[in-house]
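Structure in structure tokens, see below.
We just call them A, B, C, D, E, F, G and H in the order they show up, numbering each chain from 1.
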Amino acid sequence: MARDLEQYLRSGITSTPFCPGCGHGILMNQILRAIDDLKLPMERMLFVSGIGCAAWIPSPHFNADTLHTLHGRAIAFATGAKMFNPALKVLVISGDGDLTSIGGNHLIHAARRDIALTVICANNMIYGMTGGQAASTTPVGALSATTMEGNTHRPFDLCKLVEGAGGSFVARYSVTQPLSLKEGIKKAIMIDHFTFIDVLSPCPTQYGRRNRYDSPAGMLKTLMESCVTLEEAERLSPESLEGKIITGEFRHGRA
Amino acid sequence: MARDLEQYLRSGITSTPFCPGCGHGILMNQILRAIDDLKLPMERMLFVSGIGCAAWIPSPHFNADTLHTLHGRAIAFATGAKMFNPALKVLVISGDGDLTSIGGNHLIHAARRDIALTVICANNMIYGMTGGQAASTTPVGALSATTMEGNTHRPFDLCKLVEGAGGSFVARYSVTQPLSLKEGIKKAIMIDHFTFIDVLSPCPTQYGRRNRYDSPAGMLKTLMESCVTLEEAERLSPESLEGKIITGEFRHGRA
Amino acid sequence: MAEPCELKIKRRSKDDPAKSRYQTEPGLDEEAAVEEAGRCLVNNVCRSCDLCRYFCPDLCITMNEMTGSIEIDYDYCKGCGICAFICPKGAITMVREE
Amino acid sequence: MAEPCELKIKRRSKDDPAKSRYQTEPGLDEEAAVEEAGRCLVNNVCRSCDLCRYFCPDLCITMNEMTGSIEIDYDYCKGCGICAFICPKGAITMVREE
Amino acid sequence: MGALKQVRLSGFGGQGVVLAGTILGHGAVKDGKWVAGSSSYGAQARGGSARADVVVSDRPIVFPHVIEANVLAAMAQTAYDKYTEQLARGATVIYDDELVRPRSIDGAIQIGVPATSTAIKLLNQQQSANIVILGAIAVITGIVSKGALSSAIEENVSERFKDLNIRALELGYKLGEADKQ
Amino acid sequence: MGALKQVRLSGFGGQGVVLAGTILGHGAVKDGKWVAGSSSYGAQARGGSARADVVVSDRPIVFPHVIEANVLAAMAQTAYDKYTEQLARGATVIYDDELVRPRSIDGAIQIGVPATSTAIKLLNQQQSANIVILGAIAVITGIVSKGALSSAIEENVSERFKDLNIRALELGYKLGEADKQ
Amino acid sequence: MPFRETESLLPSGSYYFSGNEAATEGALAAGCRYYAGYPITPSSEIMERIAVRLKELKGVFMQMEDEIASICSVIGAVWAGAKGMTATSGPGFSLMQEGIGYGAFTETPMVVVDIQRAGPCTGQATRVGSGDHQQAKWGSHGDYQVIALSPWSVQEMYDLTIDAFNLAEQYRVPVFLMGEESVGHLRERMDVRPKVTVFDRAKKKGTPPFGMVEEDGVPPMPCFGEGEKLLVTGSTHNDAGIRKTDDPLVHEKLVSRINNKVLNHREEIIQTESYYVDDATCLVVSYGFTARSALYAVNKLRGEGGRVGLLRLKTIWPFPDQVIRVLGKKAGKIYVPEMNRGQVAGEIMKYADCDVVPYFQTNGEIIDPRTIINQVRSLA
Amino acid sequence: MPFRETESLLPSGSYYFSGNEAATEGALAAGCRYYAGYPITPSSEIMERIAVRLKELKGVFMQMEDEIASICSVIGAVWAGAKGMTATSGPGFSLMQEGIGYGAFTETPMVVVDIQRAGPCTGQATRVGSGDHQQAKWGSHGDYQVIALSPWSVQEMYDLTIDAFNLAEQYRVPVFLMGEESVGHLRERMDVRPKVTVFDRAKKKGTPPFGMVEEDGVPPMPCFGEGEKLLVTGSTHNDAGIRKTDDPLVHEKLVSRINNKVLNHREEIIQTESYYVDDATCLVVSYGFTARSALYAVNKLRGEGGRVGLLRLKTIWPFPDQVIRVLGKKAGKIYVPEMNRGQVAGEIMKYADCDVVPYFQTNGEIIDPRTIINQVRSLA
């Protein structure tokens, strides 16, 4: 893989585990570049993940301590490690199904307690690994293996959820905004509080093919068109915001 | 018990199960009066609760179908019953530990999905039944069986949490506002969406005695002094809102 | 420890002057609050304002629909004292159970 | 079904004119955006703007620090085509794997 | 098993029999005895009847519950009626003479102690009747030393109630000694 | 067990051997046979090798997996090399003659079928090679009828690919018949 | 009569289904109209198929936030009148254990399909295992009974799922269909008969829903919305459902009955099949997919003149103690090949009065018939 | 030497502790410095005391949102270098089962205290039961081993908690202290010795943390932050921790080793005590609080001349099969009184070559010694 990131990859790791065009690779790319920019020592870092495609971003690829846990429980494991050894810089990297469906309770409680973790949610709006079932982030109307006639249940706005739970730093970026994403990750890592980033990441294999995206690039293009920044959103009318995804830093003081 | 509510109480039930001065009794009082005002047929109502003091408000006292479930899972049970038989009017009545600590995930997902349940959280800010341990609602600094030197973790603002999850109708009342509470319950019951009421209810036995309230009336007095309505809050400065609890109807459209 | 259940409530028509009371229902709008308050203008005498009935955590206060007066079921009263505290007229006091 | 891994990327200096591209980084402030754009003024020729390196989901694009040019590790490229899509200069095209 | 004593303290919830049992047991440990204590737990503890059992022995204790009490203290009629059914031969029954009306029991020594009335009269605090009766039991049965009991009170009672309870213990000792005479 | 045939279809992920196996099995059910089918599942299915086994019998099937294949179809060299190790005596091996270079196998009948090149040339769609080879297998082995296969395609293939696959089946039949001659 | 013949939902005839598809159709045929689940390999196909089918049948499908919510919502729906099911695999089955205890203690009929994979923990998620059988019996705290069935074919994924619903309703007990990945993903010819026999929940207005005069009886079960004003609780309760959390007699009576209503009806519940057992000097005891390897092996060995027989357990819980006792004594030696580390062999050891030889295999693969052949040969 | 003598935290001498307090002090004495838990009767006193004590000792106490989070956070802390514990009762123990499987499969040393109450489900929350023993072994899916200890006194709540930590660290395995409400709430004299023997986790830089040449070995255990760049996963993994989710050999090797490292060291792990067994014609086998009733009964019967003996199991898992085999054969009859429906009696039946007579009691009360006396008399 990229020579400039080689030092952050476990020796023997040569390729990503993702399907062609999976946004998780772009996120993986930005996480490592953020660490590279910050010159963080990998010996002091712990990457915790749950079960699902996104859980494979750090495990086994990252050249640091990695803890690949149970489905939904990454934040609970991370809480124990961080509380016992606060010198560890702990990043939780996992998927939307893992962190916000089965693991939603640990997410909101860690946000409430303000445990100093950085949680990066690779949000592909689907259960990828188990075959493309609807998630708690799947848009209304989207097709999935369990919503063959279109999803009827509203998805979470994860940033609103974590803000509602008391999160101090809450942001959303799309993998189509790699530089902002990288900067956001850097910022989150350096804040010694609970920080959360919702990262929109296309799944061409499970989401894309059911919802008629003909290529990874096509999915990426649609995602780019959907995203507006907070600043742009302020200038837009409610009608033109219809169906848009607002990205940026939703920072809030402690409740 | 009160003759005017007798028809809503199971035959053979004579007294409440609560400690003297427990706010849950006042809440129980208002729930039944709300049903009485609405003239709802008890045969069509299902009351679901979890484990804890508040779970005993409906079970076995209410003269209707009651489902006393597992700790934290009331909303999940209620979801199944309501989805299978939408003709049932389903109220979930349980405590803060039950609904928002162990059961937090079911709460946010039911709010997200907009399952047509009315969830009433009897929030006494403590684990009463197991002996007064801190809850996810215990104020910072409060003493409890597990925070003998004062609680250090922030509590949830439950209304913000449920709003963040997508709840359509979200309100907070204190049992010291029985008429507003009763009206709020009536309103929630009649809305055919997910509705949530956070009800502040003093626990003189477990919370009061550790935090030096000398009587149930004394606790009630402090609670009265802490509560301000939304309308009042709008008129108050941020400083004078310090330490206050804002009550009223935090209604929000769907996210 | 919980208050032992050793007090009972006595209803009476006259006693020492009412202390200042708290606004019991901050959620009421102004009109409703004035109406509620209007029922309790005279001190120390129950005006059937109904607050004690709403506040009783043991559901043991009923309003007699014939007479309009408040009746307390002492058998299930646990003596918490909330009714006495909340009564805007000071019309309820707590006495030690004999 | 996922795209089979049958395409490879070729780097070249000239080709058909670039199609209109999407704003790839809406999060950049104006100054940064102008700077990024400035590096890619000429069509069809790689100006080492680095976008493909950031966008590559397989982490197989490196910038040669000596020459400043982009290098692709074809061994681990899965042929998703994102680099070609994102290149503001149209400097990358996909060709069928021989 | 001559050296093993089974003590049962009983009354209703709120009288503090469980605390009294803990102090008795802890005191006996301080005297170098082997001790096992158990108490009614759960819903009964609030209202209803309350019970604290303490087994004291010079040797390690096999079965730690009371099977037949050698010493029964009763601070309520219901407790007296229930637990006098399960007495060992030659048991000593100590009851609060204001709250319990004794019946005749074959082979038992019964002693009425005005614990509650003394607590109300002399300490102005009905709540300390548990320690008053505990003092009386200690004197009458010799099961635990006064020093050990005082020390156990120090460790098991919150700061603000220590003095009160030490005074209650003294009163109990006096009542017990009067009874012995 | 003369009436029991063990068929193995093999290739690499993406060639559609699992779908071909399902169509073969379903077709045989339509012919009134007893059928059991299994396939490689999991990580191998994306990339790597792929395998679909179908056991067809005139009677209920005891063990539903292939132990020794009577019929092997190989659409990749790795698959050919691996699975020709586990052939029954007198097995028929059908391979894609553009993707597989056969070796000599004692007692086996080996037939090369230009499935992929035919699919590309005549259907402009490499993806249908699986159905082409299936058609050839059906003719060569007689394990399933053409009508049943067509009907199975109707039920197992999405609307927009049905025609294509029916045409692929026809081509396979032709290739198979040519091979038989 | 609580049993009733009903038209099959699917046209009668032969199908080529996977085991997971067959279990789905079996459930629907038995009357399942509520399903809640959460994605997990290798059971997800059940959820995917039933989502579509329940829509057609005007039933209710819920994808819940986790397996805990799934089983709880099934119980809620069952008390609201549904026949309900969930399906999962090991990790989800572990999460469901508290809910299973609730189901057993509240006598809630429900079906849980566990498509077993190679554990423990997340182990090898796409590979086969059969390691949840003891968990099926003991996974929740305290003493309760369940019924667990072990299908060996796609046909039985259909048939035994129907049986599972009928047993659940008849005994008011959670019933587990303990499939294995190798059956869940197996495709086979499956025959649908024109009629299906289903058990309709016994109802009787005004009778206590949690108590019987008989110490091993199954009380009638009303449901919400029928005006019965039910009290359902997972705490100890009397016949009417009123919590009795410190009455020793009520607790003993309830715990005894929920155990005995299953154990005392072993004879009616248990299904086994035997092959060549009459003169066997070595008895192979097997279940699930492994029984197909075992039957293949036994057939082969009989062909060679070996005096070997096979007992196949279709019911794992309640455990077929009596047949083991009888056949074990007759054969003098029992051989038990398992895709776990002797979970059923251990149970056999409780009842068999003879040598019990377990064979463990926990490598994510099925047991090859040739392995069994070789092992049984070496035992003789 | 991995075992080390250390100063007791408490001044040596006699205390009057409840069982729950004693377990807390035992944990701290053994080096526990991380605790996460959730309130549940009758175990909550452990959490309440340890919250205060860990603050004094500069350890970490976390009250988590549920029992699932509690056990997961303990595992996280253990890999960050802590000795860690949680305590719960039946319903919480059920919720922890998935995490327990993770602990077993990742070879994470940890201690779980289960103060058992009258189940199943929420049953009688403040009353006694002993119904979680089979769950302790089988509660999570798949095949794994744990160690479970059964204290009969307050002294053992202290001593066996220390043993639990030492065994957990020595064998890298979850260890359960299977207390019962009647021991958790019992107060007794408890003696603290001046020295405590603790096992320090074996460490060895650069050696694979999940594999050994020996098929039943316990690899050294590094922790996070030591620069080892650990890979910890609950999926099948090779010696280095790399996931191998479709390699049969790796799976078989790992599953075998995590089972055999406990089973093959039965002799060193198992603790039992026997009384009057030499000439006994009836052997009472008992454990936990019931063993005190049993010893009282056996003493009485011996006083009457009865040839009755007692075998007390301090270790329940791994199961003391050998001693049961030997003593059972000698006595010819085994009687097993239990506060459940025969959970250990069933296990005894696997190994004993003699009559096994269980006595069940599931009424929320302890078994009275006189009940045992009467039953054993009637057996003779």
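Things worth noting here:
Definition applied: a contact is a pair of C-beta atoms (placed from the backbone, for glycine too) under 8 Å apart; a residue touches a chain by one contact, two chains touch by 3 or more.
Keep in mind the model is a prediction, meaning the values are calculated, not measured.
With steps allowed only between chains in touch, the distance from chain B over to chain E comes to 2.
Relative to chain A, the most remote chain by averaged C-alpha coordinates is E.
Centroid distances from chain B, each centroid being the mean of CA atoms, peak for F.
By number of C-beta pairs in contact, chains G-H lead all other pairings.
Each chain gets a centre from the mean of its Cα atoms; for chain C and chain F, those two points are 86 Å apart. Rounded to whole angstrom, the centroid-to-centroid distance between chain F and chain H, based on C-alpha atoms, equals 55 Å.
Centres computed as Cα averages put chain B at a distance of 39 Å from chain H. Touching two or more other chains at once are residues 65-66, 91, 98, 102, 121-122, 125-127, 233-235, 245-246 of chain H. Counting partners per residue, chain E has 42-43, 46 as the residues that reach two or more other chains. Listed for chain C are residues 1-2, 5, each touching two or more other chains. Within the complex, the chain H residues that touch chain B are 38-41, 44, 47-48, 51-52, 55, 61, 63, 65-67, 91, 121-122. Residue ranges on chain H touching chain E, taken from their complex, read 14-16, 42, 125-127, 153-154, 181-182, 185-189, 292-293, 295-296, 299, 366, 368-370.
Across the complex, chain C meets chain B through its residues 1-3, 5, 22-28, 32, 51, 53-63, 65, 73, 75-76, 78-82, 84-86. Those residues of chain G that touch chain B in the complex are listed here as 33-34, 36, 60, 62, 64-66, 68-70, 72-82, 84, 98-99, 102, 224-225, 227-235, 241-243. Residue ranges of chain B in contact with chain A, taken from their complex: 101-105, 108-109, 112-114, 136, 153-157, 160-166, 254-255.
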